[in-house]
């Protein structure tokens, strides 16, 4: 199979390599010539523009987009659109909001597959988990490519119609926030508790047979090994949050309560919010009703 | 009626004054001679020791303790005990843990009334809310004093047997934590929201007729008036927490979930916990699975 | 002053009565002839249609809408619009979403005041709390009417430009949810705790001088008096939730964490969600890792 | 090495089998003769009483207790104690509260190892994760046994002095509650969301390469496969909770906030609490301030 890959950042290069390794052909394009050269070194056919890439693909074009979610996807689709017809398949492997994927699927002539991709850089060797939404025939047509990019046949599946891939990925990330915070609470308690513990040893012991073993817990083990038992100079500042916010917004719409996911997201907000106003007011109110001394900033 | 008052801090002096104003007699003692002198100026009969105070009281002794919760109560009771018999009544008006009140009630010969006291310094003029536990006859015997110290007859009631007064006060404080945090969240959102608002004006408007009007909201209004719209140099540091902790512990024992009270307490802990470990770990884990840059302390 | 009132439900009639009582003139219209007759009995001039109402108002029209939030507001504005110019003032006293108020203010020729109204039926006697957004001149022009409808001059204020009135009302309601849940947690613990308590007596004692006294707590007292100590047949089902949902959504946008407001809203969702899926899964997972017996529905 | 095993329930039998498989000798006792016979069939030397078991062990006795946490441990230790001296080692492999383990370690003459055991029945084949507290020499002495019972050398470690093994296990379980609820929230949202999803397929796809892959997620996959996409007749009722309660209590003592662990525990309480009082009160209060109809039980 011949696959066009547009967007050759870290994740895009992994897609290229895994698809090549599985014996398929890749035509690769990126705005960065250096990135195209890297893909070419790996064995891909380089394209000098989107138009050039499209010309190098056959009649039934299969194209994988690995560009940042948001405007870059629309800009790329605008350029692709004149070249696409109903026999073509476009995969968006980025982290797009599911409603935008629904909109894009409706707007394009091609079959559109929204593909939530999880696994991070570790996926280079292990392969990814791919959650895919869109027309069944297109999903089946691309199965050889998905087999290559995913951990294998069990690492990808069609979730349902347009948008469902990115929808399931959105919820995946909401759960991810909560898992991270859950482990964090446990280790925070151990770090402040009654015993002087080696948290790397705790993680390793848990990872070998305990109910809570997981890949995230392996990453905790790695973090303590590399940063030290007190996490060294790692700051109390958690960036990101868009997929978690989307998850909570969707849960509000569906009237499903997700207190753990919400609170995990709130911890991120708090980590970036110096001097929480609500607590400053509580500090002052304690003076109001109890004449407790107000703690002032120095 | 003649009342002995032991413990003449801010709250004790208010008790003395309100009981005197209602036409009763007060014998007053405190370890601080200055505090005794203040009470004497207000019209109380000064006592030079607990023994002296007991000698000045008649056969049926009525004694109000307004000493700090904890060891001071036990130390005072140890001194009182040899002078007490079953006709006497001791009121603990402090913020004792209810199980200690049950224990003390069992240990003393006298009738023991545990009296949760709420209202703070504003109670000097308005009177307090008194939640009282212990024998019914003792509660009725002391009613004239409770009428004087409370806002009036509706401002005090017998909750039930020994410990129930401090139990209800404990839960009162748990609710208080949650109310403070609830207002705080609202004002934090307004302070960071879409409009440039005058929070004192918001509070005042709410206090005049809105569903959420309350005494705590009047204290919010006062806080914004006195500290400014951004609360000036009031720090993000909320002291205290023991009654909230007791409330959550009791709720755990009863298997009643109290998520708002818990979270309000957690905000206090967080306000005193620099660099939450759980969030530092989340920061690092995001690198682990996504190669997101770790934010480091400078 | 002459005021047109459109929408004569319970709240609209209260507005009519309070404005009449303050010595102003009212022209009243509602789709229900019966409602118009009630207003006429109270002293208002009845109108047979919106057009009729507009004809009865002078050159500088002042109109108060008290119709259900949503489509009814737009439908009414569509009818009003041809009759309005820049000297006229329209007040929306309903519970509209603030962004819709901004949109409406931009769309109409008239000055548009969005007016958050709190206080419920009790406002008939006491007056309401009014949070008002829109042009300053219009707010000042309507001040006599606001004085009449509110508890008095302190019961209304201009929060800021268009939308700010409904914005502050939205946050008010978010706080309201949290306060209700906070009291509820306290009473739930008392109802399941160590003592056999009279919750009406607890509420009354708290309402007289305690830190947590409030109007909502007076309503708790009333609820226990009227429904009994165990709330009788009052169901575990809390309707509503739109303003709380808006508050949380806005807090997500502003990245302000509001854990108590969120959790209070989640309790409403849960009260309407039979058999929470997350807990059913936890029940099953305990079998998976520990062979704990799965609890099955009968 | 020769090991005495007391307590031959499901977990105790697994210990016996794994220790025998590793080539060690086992003397086994249980109050149930049938359980002893099962162990004997597997190759253990049967004991007819604790005294008999002690007589069959050599001078340096190594004993593994696998009896239910609580009174059974103390009762067993009472019988063991006359036979123990400072060269002997007792392992408590159950789920005891860490403070009781500290107390027991102090009370016995023998070296006492508290051993938190995680992994459930799946540990029969894979081995367990063992978190061990107590004297270093005793831990090293028992290492061959721990190697056999655990997944291997990485599946056990000495956490620190007496109590630390059960302490780490307690926190493990707190985290476990939160992880289960986190996955549950995600699947609840998916089950009520915009798409008609096959949750077994979602779980399988996630388990193959996604960031949130874990053993618990494998158990989710199994649950959907065995119970169906809607979990069939699995009830909304989560039993248990003691280790989660201990975790939250300890976090309160250490003033560490654990909102996710708390809320996961609260969900269990709620699942067993028909008709949450707080929500019934909220239902009624909405009538109080807004005349919203009270929902009544039928």
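Per-chain residue numbering starts at 1, and chain names A, B, C and D are given in the order in which the chains are listed.
Criterion: contacts are C-beta pairs under 8 Å (C-beta built on N, C-alpha and C of every residue); 3 or more make two chains touch, one makes a residue touch a chain.
From a predicted model like this one, the values you see are computed outputs, not experimental measurements.
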Third chains touching both chain D and chain A: B, C
Centroid-based (C-alpha) most distant chain relative to chain D: C
Chain C and chain D: spacing of chain centres that average the CA atoms, whole Å: 49
Centroid distance [mean C-alpha coordinates] between chain C and chain A, Å: 40
Interchain centroid distance [CA atoms averaged], chain B/chain C, Å: 33
Multi-partner residues of chain A (each touching 2 or more other chains): 119-120, 181, 183, 185, 188, 192, 211, 215-216, 256-259, 263, 267, 270, 289-290
Chain A - residues contacting chain D, complex: 98, 118-120, 123, 126-131, 133, 150-152, 154-157, 159-161, 163-164, 167-168, 171-172, 174-176, 178-179, 181-183, 185-186, 188-190, 192-198, 201-202, 204-217, 247, 250-251, 254, 256-261, 263-264, 267
List of chain D residues in touch with chain B within their complex: 211, 241, 245, 248-249, 252, 255-259, 262-263, 265-267, 269-270, 272-273, 276, 289-290
Residues of chain A that touch chain B when the two form their complex: 10, 119-122, 180-181, 183-185, 187-188, 191-192, 215-216, 219-220, 222-223, 227, 231, 233-240, 259, 263, 267-268, 270-271, 274-286, 288-292, 294-297
